[in-house]
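You will see two complexes here that share chain A, one where it goes with chain B and one where it goes with chain C.
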Partner chain A sequence: MVLAPYGFVLPATITMLLLVVYPIVYGIYISFFNTNLVNKWKFVGLNYYVKAVQDVAFQHSLWMTVVFTTFVVLGHFVLGFVFANILNKPIRFKTFFRGVLIIPWLFPDVVVAYLFKWILNEQGGILNALLIHWGWISTPIGWLSSSATAFGCVIAASIWKGFPLVMIQILAGIQTINTDMYEAASIDGANGWQQFHYITLPALKPILTTVLILDTVWVFKQFTMIWLMTAGGPGNATMVSAVEIYKNAFNYFKYGYASAESVFILVICYLIGVVFRRLLRDD
Partner chain B sequence: MFAKKMVALLLVVLMAVSCLSVSYAEDAGKGYMSTYDVASAGDVTLDVMITSLGDSDGGPYLRGVMDEYMKMYPNVKLNPVECSMNNLYTTLITRATSNTLPDIFTMTEAYHANCYEMGMAVDNLDELLGAEYVSKLLPISIENATINGTLVYMPWQNNTTAVVYRKDLFEANNIEIPKTWDEYINVAKQLTVDTDGDGRVDQFGAVVSGTRNDSAESRFHTFALTFGMNFLNVNEDGSFSSGFDTPAFKDAMATYVELGTGETAPAGFVETGYAEAYKMIAAGTACMYWSASNVLGGIYTSNPEMEGKMGSFMLPTAEGVDPITSFSSVGMTIAKTCAHPEVAADFLKFMTSVEVSVNWNKATRRLPVVTDAINAIVAADETYSGFAAAGETAVIYPAFAGTAELRDTVAECWQKIAAEGVGLDDAVQAAVERAADIVESYQ
Partner chain C sequence: MTKTQKNRLTATGHYTVLVLGCLCVLLPVAWMAITSLKTMQDITLSKGVELFPSGPSIANYITIWSDYPLFSYIKNSLLSVGGSTIFAVICASLCGYGLSRYEFTGKKFLLSFLLVTQMFPAVMKIIPYYKILVNIHLNDSAVGLMIVYASFSIPFCTWMMYGYFKTISTSLDEAARIDGCTPLMTFLKVVLPLTIPGLVATTIYAFLQNWNEYMFASVLISSDSKKTLTFAISTMADAYRIQWNYLMCASIIASVPTMLIFVFLQKQLIAGMTAGAVKE
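On to the complex of A and B.
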């Protein structure tokens, strides 16, 4: 009987150990070796961590990741709030619009990446065709071929892909707020912004905290969209950490070094969670 | 008594000869150099992971070859395992670490050093295939697949690089095959025209890949050879030094960017990969592109009307550089964990017999490394003559673990110039420095 509680948590514990703890610990273990993962295990200590800190390419990719994450998460929340508020209004065809707005999130990353790649293509992309048709430009623009526009395009595509999840979460949160509070605020003379600031935002704080942490960490690790749209290029214009790590691991077979870089990302993602929880904790 | 002994001896000799003849006849009947008694090997199951199994053109044909082999030997079961070329290395490393490598798997010259180091493959592949069989393959392909005297994989697809071009347009415009890159650019200018008179150029002379991936980077690697530039120099003591810090590299980079972004090239240089390039040729938007012969398969699949309109010629060179191109190959190897390596080797010989190789070429337009098959293919279709001629000048790159990184360096360089507006000198200098660091890190 004394052991019964342990028996109940044992399956979950084993699952967590196998699927979460083991890969992380193994990844950290690999980062201390110059290895091919099969028969070469040369211990290098903390060399790869020191190298990563000094590596200009890794530093650049981290900076690009921070910028990318900031803009994408911001975009997700702005669009999420706007559309959640619209969908919360008593408008016609609300169910239809809700269905349409969730579509980007339902598409796999691969589909969205290729969709935007072709929309933005310099040769036959529809965006250039439309802009030329309307007379806004005279020659096609290489949206993904120029470092001036590629990063913005990748950010825009990532915002489009991810905002519905934030929208749905916010919408669910908004719908739990008692409408009496808005009614009372209105009677007290509060305008729309004041109602949003003093009622909506505080009420949504628990949801926002969770969504913000999850979204930030997800976007920070974003790989598929960028890899498929630009592979980190042109030049290094979209070289975020996930792409940099992938290239080191699977193009150059530097598993140890790539693992050390990944440990940095793991620590950063953990810190993001800690910082956001502290900043947004309910006093 | 003596006469009886002589007759008996004669009969024994005759029987032995007739047995050998029967054995040879059976092998000849099979149409390939079988040296192992597969039928008596008992029940055999082999997992075959060849990247071409997933291709729309080669996949069905390859499965047909496997079925044919199983029909010949009902005791053998071949399980096709699909894996794309993009996922090959990650799949191999994953399977190697879990000790679940397929019995036969695709191997490339880019990864065979890793395969050798990790001990993934059998170390007696040459013995399993037999000296006579190996002698029928292009010597350069064997050299390319060998490390420290060990044949790491059996070469199969011959990736000699040559220029594919619109032969019909050359003939219609009385254009000579260009021998130098200056001539190539002039030809490209001649072929860059507005065919429908709407004021916009719709046919470009040449297309060049500018994506940052191995496909485009390996094309530059070959292109650099034609400027007399080697990515790597092998020193007398066996160490390597970078070949980037040379005027030849700068010339090659300048010409490459000019070809990719100049008036003779379609827009979108850094977005143009292999697939985009051959589709432009198929659509009649571009006229010249350098590649391995399989590009013809892509062109014909996209536009069957191009069949008969294409030709090939050797890569032009910079002034003063002799004709040269690169050879590389994709092939198969047998896992060290394979329980029936003799049967696996026998199947590999079957799928690379002359007849199967010729039919494989018809299905995919890939050239094989089997000498007799190449001769048969080139004799039957003049389109491949440029590849055959280029093969005479082909060289292989030294096995160097950092080749992928060096190649990435050149792509980063041309993308900085083309997409970020960085000057040639600055971009080249950055590439020179990065290449030196890479070479140093692998010493």
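On to the complex of A and C.
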């Protein structure tokens, strides 16, 4: 009987040890070697870590990741909040509106990436065609091929793809708030903004923190959309860390160096989690 | 301004925001659908704004099946995603039940371990996975991909199932135990049937997550006959000239399963999406 709980958790635990712990440890091992993963295994110690700290390209990619994550998570939360609040009001066609607003989340990343690449395309892209038609611009703009606009476009596409999940989770949270509180507040003369500030926000705080942690970590790891839309370019205008590491590993075959870089990302992701969880615990 | 006027104004504002939001969602999707009905001539020869195809036709949807081995892509996706989902949900249900019903050494550690693995960046795992799967000759195979996808799904699925099991009273377990059920029988015959909605949501979630996966498939799969659908779409665009109509057509085909799942299982899916957040 004492062994029963271990029987239940054993299959998942063994699988996770084999499929997560072992690969991570192996990844750290690789980061100490100059290797092609086949027959060249030259021990370099901590050299790659030192190199990564000094590498301007890696620093740039980390900064881009921070900017990307900040804007995308902010976008998810602003849109998620606005739509969740309205969907919680007694409005008609609620199911329809909610259903439509969830659609972006249902598309695979690959599909969303190519859809926006096509819309923004320099040749035949509908956005350029419309802007020229309305006389706002005279020649097509290479939205994804000029460094001034590429990053903004990738951020916009990522916001479009990801806000529904945040919206649904905030909506679920709002629906657990007792409506009597709003009635009491409005009798006492609180306006909409005050109700939001003093009732909605405090009640939602635990949920918001959880969603914030998960969303930040997910966006921080985002690879597919950026890789397929711009591959980090033009130049390094959209080079976030995930793309930088992928390129080092699978385009330049610098497996050891890429592994060292990803250990840094692992530590950063872990720290994000620790910081956010401390914020959560304080309340 | 009277109160009714003010209310009407707020309501108008709400509908305006909702309609604008829906337009931002639907216009790109409509453009995808329209492009998929166009011929390549429509696309390359168009001057200025030509929103609609000269003769809308579903020809693309027919020829794409003969031009590309779509059936084999779909089969590969279903095999690796389906297999990993079933495996992950079995492991996650057992583990979630064990965590929700028993106190044991290492329980706290296991719970936070499952949460922390969510934070491991995929790009960190991809190099070791690549090397390991090459070593055991499972690269470029649906089975290899199945293993990788299972490792993605187990932590989150376990958390979801753990949340569902916690909502079910333990008095049922005790009653079953007094009637002489073994722990496994109690789980299978008494508790699991009560969590069917949660099980459905967890299964859908795992399926969608892996159906949409791209990066690992692109690194681990090399031969055309082994490609999954999402990876195959990206290689259609790698060609010398991008055939946008085919690409959009394939994109729609790849999105059909997720859309269908959503239409039929909307309630469970939304319950599943919110399970993690509300349970905290």
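We adopt the following convention: the second predicted complex is superposed on the first by the 275 of 283 C-alpha atoms of A that agree within 3 Å, B and C clash if a C-alpha of one lies under 4 Å from a C-alpha of the other, contacts with A are read in each partner's own complex, and residues count from 1 in each chain.
Here, contacts are C-beta pairs under 8 Å (C-beta built on N, C-alpha and C of every residue); 3 or more make two chains touch, one makes a residue touch a chain.
Since this is a predicted model, take the numbers as computed values, not measurements.
Once both complexes are superposed on chain A, the partners chain B and chain C clash. Looking at the shared chain after the overlay, A:G273 reaches chain C, while chain B stays out of its contact range. Once chain A of one complex is fitted onto chain A of the other, the partner contacts of A:W63 are absent, as it touches neither chain B nor chain C.
Contacts of A:Y198 after superposition on the shared chain: neither chain B nor chain C is touched. With both structures placed on the common chain, the touch criterion links A:S145 to chain B but leaves chain C unconnected.
Contact with both chain B and chain C is seen for A:L37 once the two complexes are overlaid on the shared chain. Using the contact criterion defined above for the overlaid structures, shared-chain residue A:H133 touches chain C, although it does not reach chain B. In the superposed model, C is the one of chain B and chain C that contacts more residues of chain A. Of the two partner chains placed by superposition, chain B and chain C are both touched by A:F250.
After superposition on chain A, the stretch of chain B that runs into chain C among 94-102, 130-138 or 202-210 is 94-102. Common to the chain B-facing and chain C-facing surfaces of chain A are residues 37, 121, 250.
Within the complex formed with chain A, the residues of chain C that make contact are 10-11, 14-15, 17-18, 21-22, 24-26, 28-29, 31-32, 35, 43-44, 46, 48-51, 90-92, 94-95, 97-99, 101-104, 107, 110, 113-132, 134, 147-148, 150-151, 154-155, 158, 183-184, 187, 208, 211-212, 214-215, 219, 230-231, 233-234, 237, 244, 247-248, 251, 254-255, 258-259, 262, 266, 270, 273-274, 276-278, 280.
For chain A in complex with chain B, the residues that touch the partner chain are 36-40, 121-123, 139-140, 142, 144-147, 150, 231-237, 247, 250-253.
Note for the complex: chain B touches chain A at residues 89-90, 93, 96-97, 114, 117-120, 211-214, 266-271, 276, 401-402, 404-405, 408, 411-412, 415-416, 418-420, 422.
Chain A meets chain C in the complex at residues 1, 4-9, 11-13, 15-16, 19-20, 22-24, 26-27, 30, 37, 79, 82-83, 86-87, 89, 91, 97, 99-104, 106-111, 114-116, 118-119, 121, 124, 126, 129-130, 132-133, 160, 165, 168-169, 171-173, 176, 192, 206-207, 210-211, 214, 217, 220-221, 223-224, 227-228, 241-242, 245-246, 249-250, 255, 258-259, 262-263, 265-266, 269-270, 272-273.
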